[in-house]
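Sharing a structure here in structure tokens format.
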Amino acid sequence: MNNLEIVKAGLNKRYAKERRFKFYGIFSISLSMLFLFFLLFDIGAKSIPAFTQTYINLDIEFDKKSMKLQDQDSYSEETLFSASYSKLGRNALYKLFPEVTERKQKKALRQMLSSGARYDLRDAVLENNDYVGTTQNLWVLAGDDIDAFVKGLIDRNIPEADRRVKDYQVEWVDTLKAQNKIERRFNINFFTSGDSREPEQAGILGALKGSFYTMLVTLLLSFPIAVSAAIYLEEFAPKNNWWIDIIEININNLAAVPSIVFGILGLAVYINVFGVPRSAPLVGGLVLTLMTLPTIIISTRAALKSVPPSIREAALSIGASKMQVITHHVLPLAMPGILTGSIIGMAQALGETAPLLMIGMVAFVADIPQSILDPATVLPVQVFIWSDSPERGFIALTSAAIVTLLVFLFFMNLVAIVLRKKFETRW
Amino acid sequence: MEISDNMDLDQEISKTVGSPLLESKVRIACRDVNVFYNKNVQAIFNVNLDIGKNQILAMIGPSGCGKSTLLRCFNRMNDTIEDCVIDGLIELDGENIHSKKIDPVVLRANVGMVFQKPNPFPKSIYDNVAYGPRLHGLTQNNSELDDIVEESLTKAGLWKETKDRLNKPGTGLSGGQQQRLCIARAIAVKPEVILMDEPTSALDPIATATIEELMSELKSAYTIVIVTHSMQQAARISDRTAYFHLGRLVEVDETGHIFTNPNHSLTENYITGRFG
Amino acid sequence: MSNLEILLILIIAAAIAYYATKRQAQSWQASRDKTKLDSLPNYYGYFGAICTLLPALIVLSFWSFIEGNIISALVVSKFERLSALNASDLSLVMNEIKIIVESGLSEKNSNDLFYEKAAVLIERYSSVSLFLKVASVFALSILGFMYAYLKITPRFKARKKVEKTAVYLLLLSALVAILTTAGIIFSVLFESIAFFSQISIFDFVFGTHWSPQIAIREGQVSSTGGFGAFPLFWGTILISIIAMIVAAPLGLISAIYLAEYAQPKIRNVVKPILEILAGVPTVVYGFFAALTVGPMVSGFGDRLNEFGMSFEIELFAGLVVSSESALAAGLVMGMMIMPFILSLSDDVISAVPDSLRDGSIAMGSTKSETVWKVVFPAALPGIVGGFLLAISRAIGETMIVLMAAGVAANLTANPLNSVTTVTTQIVVLLTGDQEFDSIKTLSAFALALGLFVTTLILNILALQIVRRYREQYE
């Protein structure tokens, strides 16, 4: 058959095309996965230095004269709180390196300690009032340059002029190392302190609490409103009604509006018209609520739709009212799907940055917020703020904050997926 | 009448009656063909069947008796279904269609198929018919392609109705027209065999009549195997008829013979409407 | 007494009302003559609670919202000095006065006796307002309870009334969506109109000089022409184009492969992994782009530069790649958008009915031929819709460009240079200490208007296309 011969002749080319296309497919997928792993690996690697912090072991003399205390047997909390701790650390260092006399080098020696070290010493004394007048062997927080050097972020082999850590400082570090007086420990500060100008003292506690309060407001507002709206639209709204169509179009559009526009809405309406305090989790929550509403509405409607009509009909036939059918039967059955959608919506809200920048949750906030009205920041905004800071240590901190954020998001999504799998009923 | 269970069934249909095997002019030959789904479920049991050149063979029988499954073996469409295993020999013009030398692509260019629900591509009428020739590179230039399209549409009885709107979408035609379009599409690559899986079950009686007329005309150039639910249709258009029952070939013979004087009791029961 | 405390008391009152009315209903049920109740006792309870809570709550909210503005307006009318001020000065002064009120009148920390007088007045009005508010809210609550208690009878259709109220509440929730859109349009439009009263729309859209300054003198702004936003629009478009060049092929081809070729086991593992890319917050992408990809790209450019210098290849020798190149930002943004295109394309491709695939295979096509000649054209409208949604997302994206692209408006077609985008400028203009009504901040609203309208049009178009496509197959 002539035709068949033509067909056979063309086969090779066609199969070559097929092979090529399959190759492109695998190539695209691999490239994308590679990017993802590169992203995660890069940030993960950058974050490791932030999880440890350098401490120096010193014999601290808590002598009353340096602490500017009157000579007494015991002291009140207030007195101890307002005593002077700034000289204690440097005195201990001078003792360790008595050969250092030149002014410039003495200053460099002092800078080996973090400016926050004095507060740690104060906390130690407040905890153990009997330290006063004694000498204690304590691990004290090192300054950010030394910290960076010890972590290997500053290369000792580049010429001294290009380094932030001078040769004599390098010698001191080596001496301390030989005496086992300098080591890296787990950086608990990262999780227990708020923001700070110094990288070695900075932590994400403030941002974590801010995120917590903001998410709380968002959840408490968006969940009831969204589920109510979805129930109305899915169960009670008249079909083919012009007004209802507009509402639905609105919801679909809001789901795709750029997040920054919601920030502008928050700025213009909440802050300027209603006078809600700027930078507070309350405003942040209000803005994020509007953003999350469409997501939860859409997934709730899908969950409600998936409950088969047969169950509704059975309930109705027993004499339940429409509202009772919904509250007694449909809603409980749809709840797993609703929860899944809500968790996913919350996860998206947790990672939002732009709208919160607009309403001012970007100021330098060192105090840990205690309520939804205190000025606060959230974790992604903290990442943004830190990424701008020039000090070396902040790169690792930013990466570590990102890792924390991603871990939260990972768990939230995991819970959502497990929830979905566990309650997935086949009708 | 009760339908006997499988053991009795095998006794009842120990061998196909009628004239399953032809002596000459055999296009497709089946020898001891068994088809399994998912390793456990057997759909076709030991079928021996010859299909003659330039004839219409109708495969009839109650629902779920494997007619479509067997039909889909002839162009290896069952390859697209996972876990489907075909046992036995199926030959086209003397060549085993499952041999490594045979490329399914070439086979399907030679054995066309028309489906139960018309499935024209969402392309223009012209592009639907031209799809096959373009795919296999059967023409050198556009005017040759135009000729093939016109020829196929004419043979399918659709030319007059569509020649002025060849670039309108194929999905815009009526059900019967769509099915004729699918037939035109199938014959554009000039296959030797056309398989039809209940081609008129989704159509109204007038469209059905048109297509049956078409099939009788096509028979002179093609070999046609048609699966049908309608005994009347089989009686109207086919040369030979094969009766299937629960995956087994019960009887195959000349159509006139089957419908007036069936050999097997099961065939008789089906034809007289004792079960459907 | 704060609003929160009032609210708490109201809720407790509602709870009490619930139990009281429910008990009343239950007592009828248990009574000797077995009067038949219309509904279950708890519905009577709900009715009581609603009457106690709802009217009071409405008044509470309304009063709290307008309280501040009314008091300010009253104070302004009392002092000629204040009513003479224009809007922006007035808001400054009022803020100062409010600060004095909040910090306590005992501290004489203001230099102006006038401020103190105004502060005292505000304090007085606020106390009066608070007293009236609390009184009326609680009165309403009690009245509501009494109404409910007296109204109910065994034959009172409690359940019907309660359910009707519930449906209205649900409807209200649904209306929040419209309120939100209305709020957005209103807030953006209002300020934009103020902006366009000073800068012509033509200059704004087509002008190419963007350097927003606050007017020092009247009429200065238009002459220096600092509000030509075209470079911003162009920057947004340039980066979006780069992003789509990356995302579209990767997303589409990956989707086709996963939908048509991949085995279910592989698909179930790979698809969720790729969808992780969609869940990563954009600030993370921005950080990655700014700190890793940007320097990588410019470092690569430098190396090409050296290569070009030593081998005298003109094309490479003059290469200058900014560390904030549009290319870097576009690349990362592309990877952020890719999962959207992947997901949407996968959905539409899977929606193409199998009968079409069967028809094509039966004609002797190879799998890739079936995909490209039949499935893909059939899915095309849906895929285009998906592309439009992805572009809309790219245009509205803020963090990646804020952190990785520049802030200098640069009209260039070279992706190796640094450009700025509409979203970046909105953030820059609005985060910073400025008065709310300065022309600088107004321009941000005009930009936001443009952004909102553009994404709205793209979204509506995309949804229409996808909907029409779906109708084809259902």
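For reference, chains read A, B and C in written order, and residue numbers begin at 1 within each chain.
We take it that a residue touches a chain if its C-beta (ideal position, glycine included) is under 8 Å from a C-beta of that chain, and two chains touch if they have at least 3 such contacts.
The shown structure was predicted, so the numbers you read here are calculated from the model rather than taken from an experiment.
K.L.:
Once you count every C-beta pair in contact for both, which comes out on top, A-C or B-C?
P.N.:
More C-beta contacts join the chains of A-C.
K.L.:
Could you pull out the chain whose C-alpha mean position is farthest off from that of chain A?
P.N.:
Most distant chain from chain A: B.
K.L.:
With chain centres taken as the means of their Cα atoms, state the distance from chain A to chain B in Å.
P.N.:
64
K.L.:
Between chain A and chain C, tell me the centre distance in angstrom, where each centre is the average of that chain's C-alpha atoms.
P.N.:
From the centre of chain A to the centre of chain C is 21 Å.
K.L.:
Please report how many Å separate the Cα centroid of chain B from that of chain C, as a whole number.
P.N.:
The separation of the two C-alpha centroids amounts to 59 Å.
K.L.:
Which positions in chain B touch two or more other chains at once?
P.N.:
Correct list: 105-106, 109, 136, 189.
K.L.:
For chain C, what residues touch not just one other chain but two or more?
P.N.:
Residues 364, 366, 369.
K.L.:
At which residue positions does chain A touch at least two other chains?
P.N.:
7, 14
K.L.:
Going by the contact rule at the top, pick out the chain B residues touching chain A in the complex.
P.N.:
On the chain B side, the touching residues are 103, 105-106, 109-110, 136-138, 189-190, 192.
K.L.:
Would you pull the chain C residues touching chain B in the complex into a rising list?
P.N.:
For this pair, the touching residues of chain C are 353, 355-356, 358-366, 369, 373-374, 377-378, 472.
K.L.:
State the interface residues of chain A toward chain C in the complex, per the touch definition above.
P.N.:
My answer: residues 7, 14-15, 17-18, 21-22, 24-26, 28-29, 31-33, 35-36, 39, 42-43, 46, 224-226, 228-229, 231-233, 236-237, 246-247, 249-254, 256-262, 264-265, 267-269, 272, 274-275, 290, 293-294, 297, 321-323, 347-348, 350-354, 357-358, 360, 362, 380-381, 383-384, 387, 395, 398-399, 402, 405-406, 409, 413.
K.L.:
Looking at the complex, which residues from chain C come into contact with chain A?
P.N.:
So the residues of chain C touching chain A come out as 65, 68, 159, 163, 166-167, 169-178, 180-181, 183-184, 187-188, 190-191, 249-250, 253-254, 256-258, 261, 270, 273-274, 276-277, 279-288, 290-292, 335, 338, 364, 366-369, 371-372, 389, 392-393, 395-399, 402-403, 423, 426-427, 430-431, 436, 444-445, 448, 451-452, 455-456, 459-460, 463.
K.L.:
Give the list of chain A residues in touch with chain B in this complex.
P.N.:
By the definition above, chain A touches chain B via 1, 3-4, 6-11, 14.
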